[in-house]
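Presented below are the structures under discussion, each in the form of structure tokens.
Each of the two complexes below includes chain A, the first together with chain B, the second together with chain C.
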Partner chain A sequence: MSALPTQVGALAQRSIMRTARQPASAIPPLLFPVALMLLNAGGLHASTELPGFPTDSFLAFALAVPFIQGALFSTMNAGTDLARDIQTGFFARISLTPVRGEALLAGQLAGIVTLGVLQAVFYIACGLLLGVHFAAGAAGIALLLVYAAIVAVGFGAIGSWLALRTGSGEAIQGLFPLLFVFLFISSMNTPRNLISVGWFQFLASINPISYLIECVRSLIITGWDAEALALGFGIAIVLAIVAVIVASREMGRRLDRS
Partner chain B sequence: MTRDNSIVVEKLVRQFKKGPRAVDGIDLYVAPGEIYGFLGPNGAGKSTTVLMLTTLLPPTDGKALVGGYDVRTEGPKVRSVIGAALQEAALDPLLTGRDHLRLQTMLQAIPRAERKARQNELLDRVGLTEAADRKVGGYSGGMKRRLDLALALVHRPSILFLDEPTTGLDPQSRTALWEEVARLARDDKVTVFLTTQYLEEADVLADRVGIIDHGKIVAEGTPAALKAEIGRPSIHVIPRQEDDRPQIQELLGRFGEKLGGERDLAVRLNDGLGMADVIRAMDSSGIVAADVELRAPTLDDVFLAKTGRTLEGAATDENGAAAG
Partner chain C sequence: MNLWPVASGVAWRTLKNVLTTPSLVLPSLLFPLLFFIAFAGGLAQVQNTPGFDYPNGYTAFQFVFVLLQSAAFGGVLTGFGVARDFEGGFARRLLLAAPHRGGIVVGYAAAALLRWTITATLLTIIALIAGMQVGGGPVDIVGMYTLAAIMNICGFLWAAGVAMRLRTVQAGPLMQMPVFLLLFIAPVYVPLALLGTTLHAFARFNPVTYALESGRGFLAGEPVHAALGFGLLLGAAIVFSLWAFRGLRSAEAAG
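Then we have the complex of A and B:
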């Protein structure tokens, strides 16, 4: 049997084990997005009265946001973990083994994807417990989990790229607020067609995060919306491919020993 | 080129951008099964040399063959025959000792059927069986170093690099690690390249020693040969009264060249002179000392003779320079 699956499995196992053993870092990606969603749902419920608002449940509307917000949180953790491995010499130890760059990156991403999917299960469970009806049904929920995995690959690869590029956990933590800016200038709280401020509507319309959120939202509120799904999956897949390519190159550069 | 467990280095250079030459054209040879002690103060170029020999840092110039493989062009082959425990045990505080070994056996492609036995064997060998299922974050410095050594041995390397393996360890842990390293060379015929800033470590453990300072090897040989090169013993006198210091200094000057020392007054004795000659001279001058000691040459004397500084003083200089 090829060593690659064993190496990927070993590294993914370590990544998951680390998260499981430090609940302080695992809990924020689960609880903060849900807490923010509940706050927004409480304060912005009146938005559902706006003509053209797609649902009468703001909770159903807002449930899409934790999927993306949680992915950003866990990506920051994953990037910081990898950067710490570089700083402490753990990465050097691993790179002295016959492990291949692809395995190192894949192992790292496999751990992030596993945690990303578990997060998605948690958000879906919260939604169901709070009475949100998933318009796309069980098949839609299954698709949502696939989507969460793709988004986790994309954001995870961005975090890994940053870690490999900078080798500094502090640098990653400093850069991630920038990514959160993208979240806030998206359609996270208001449908794009109802944003009345021109410049904000423009920024939200060219912001890919809007389409990532709207894809999730369509499965919850609308059902099977081909355009929203195509845009969301398309952006998530392109993001994942580009991010994996740049992270692989950075991994190659860092492992370029001889 | 025959493959063996030797290390051959020719004119190896590492120049950092906008920095000095950390390693400045060194040559060395480590025979198969030999323990080679690479001695020098902080910042001398020891760790940079190890990083190049373990393929973690490309050389700027020169050549190095490790186990017969070129570190520049045959990195994967070099890595397949070496084990390395680098400075500061690189461990994950959230994993247990056994987790680390499990990960390492998987990454080193040890067959599944052998993994558990290999983990247990290594845990036993480094005395960590009882602590195996505790998180490494709770390990002492000595336990971390021993686990680090076990991880380096997972794939049964024929050449082992240990970068300051005992720095910061208590004497007991240090001795235990020395015993294991000596056993590896003696019983398993592993070639060991060991960097250290401890004279005693090099003296006790190494078959041969290379002394590096400012990126250059300033002396090389067996500890006994290096000390024999210096040859003459030194005599160290601690005055009973501070007022006697100038008189003793003057008297000792007649017997040899002055050596540095804060508390004691010391000279390297000229050929043919001994402790009795100094004591007789002190008696006849009516000088009473608190202590008089004759010391055989040490590796520090070798370092002093080759660089004009003591190893301890050099370390202080380097730290001061680094801080500055």
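Then we have the complex of A and C:
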């Protein structure tokens, strides 16, 4: 039997346990997006009365945001953890063992995907408890979990790439506002066709985060919207592939230097 | 004993540290601008909801919130610096050297205020470029910025009290989260009357609501709840002063 699955499993377990043992890392990605969603839903409830708003429940509209916001948090956590491994010398020590670079990256990503899916389950449960009806039904919820896994691979690989590139947890944290720019200048709070400021509508339309959010939103409030699903899954898959490739290359370079 | 030498020294050092470290200065400048762009740009259509009656448009409506938010977080971020100084050992040396320890808190507070002044200036310039309508006269505008300045001091004193009791940067979420929640349990996106039922129930008892409505009234030139807004913030500043100075005693006792 190949050693690769064993190595990936051990490193994934380490990645999950490390997050689970640090409440400061594990709890904010779960609670903060839900808290922000509830506050926004209370504050922006009136905007459901705008002509053309796709639902009469702002909570249903906003439930898509925690999925992507949680993924952004995971990016930062994943990057910070890997950067800490580099800074503390763990990475250098493990590079002296037979563990392969692919196993290091895959283990890290497997841990992030597991946490990403658990986050998605938590957000779905919160939505159901708060009375949100998923228009796409149980199959839609299952698809949402697959989507969450793909998004987690993409964002997790970006976090890993940043960590391998900079080798500094502080640098990763410093990039946090930049990632939030993408989230805020998107259709997170208003459907793109209802954004009245031209330049903002343009930026939201060229921002891939808008389509990642709209894919989730379509399963919650529309049902099966082929265009939204194709755009969301397409962007998530391309992002995941590109991010994994660049992270793998950076892993190779980092291992050569170690 | 004169506390000015200690206060000015601490303020100067804190400001110099912040302004020469990009990872410290950029978030406090960029986050308010980001919020302003996202809220004023992305949510402008909200002003067309039935019952939205703010006369100066959505950009002005959001500007006041972001101004108060930047003020509060400018104070909290300076509180992070206090925690960092304790963690690194600098604050303990400062406690030993300062002839008037109250000057330490005053110095950090002055730095928080000056630091926020830079953010507020930048935010105001961006808002005016974005076409913000100003209805209030000079006295109203001074009133609005004074409210925000008191909010800045409140944010700092709260965070400093936490920082001096726990003396670690890991206390950051404890400094930040209550302020964040108080700010968002207020009429952030729409006037109080248009909030959802649950949020409305909480917002009515939130002092930030009245500070926010006062600020928006000043900017529109139609002051509302001005005495209540100032009164609540000044009351909070007094309570948080006690909190911060007792925190200083706690730090002194811990050595």
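Criterion: the second predicted complex is superposed on the first by the 256 of 258 C-alpha atoms of A that agree within 3 Å, B and C clash if a C-alpha of one lies under 4 Å from a C-alpha of the other, contacts with A are read in each partner's own complex, and residues count from 1 in each chain.
One rule holds for everything that comes next: a contact is a pair of C-beta atoms (placed from the backbone, for glycine too) under 8 Å apart; a residue touches a chain by one contact, two chains touch by 3 or more.
Quantities reported herein were computed from a predicted structural model and do not represent experimental measurements.
In the superposition on chain A, A:Ala41 makes contact with chain C only, not with chain B. Using the contact criterion defined above for the overlaid structures, shared-chain residue A:Pro23 touches neither chain B nor chain C, since it reaches no partner. In the superposition on chain A, A:Gly252 makes contact with neither chain B nor chain C.
Taking chain A as the reference chain, the count of touched residues is higher for C when chain B and chain C are set side by side. Of the two partner chains placed by superposition, only chain B is touched by A:Gln7; chain C is not. When the two structures are aligned on the shared chain, A:Trp199 is found in touch with chain C, with no touch to chain B. By the document's definition of touching, of the two partners only chain C reaches A:Phe180; chain B does not.
Contacts of A:Gly234 after superposition: neither chain B nor chain C is touched. Contact with chain B, but none with chain C, is seen for A:Arg93 once the two complexes are overlaid on the shared chain.
By the touch criterion given at the top, residues 3, 6-7, 9-11, 13-14, 17-18, 21-22, 85, 88-90, 92-99, 257-258 of chain A touch chain B in their complex. Taken together, the chain A residues at the contact with chain C in this complex read 24, 28, 35-36, 39-47, 49-50, 58, 170, 173-174, 177, 180-181, 184-185, 188-190, 194-197, 199-200, 204.
Across the interface of their complex, chain A is touched by residues 54-58, 70-76, 78-80, 82, 84, 86-88, 90-92, 94-95, 99, 102-104, 106-109, 135, 151, 155 of chain B. Residues of chain C touching chain A in their complex: 22-23, 26-27, 30-31, 34-35, 37-38, 40-46, 48-52, 170, 173, 181, 184-185, 187-190, 194-196, 198-200.
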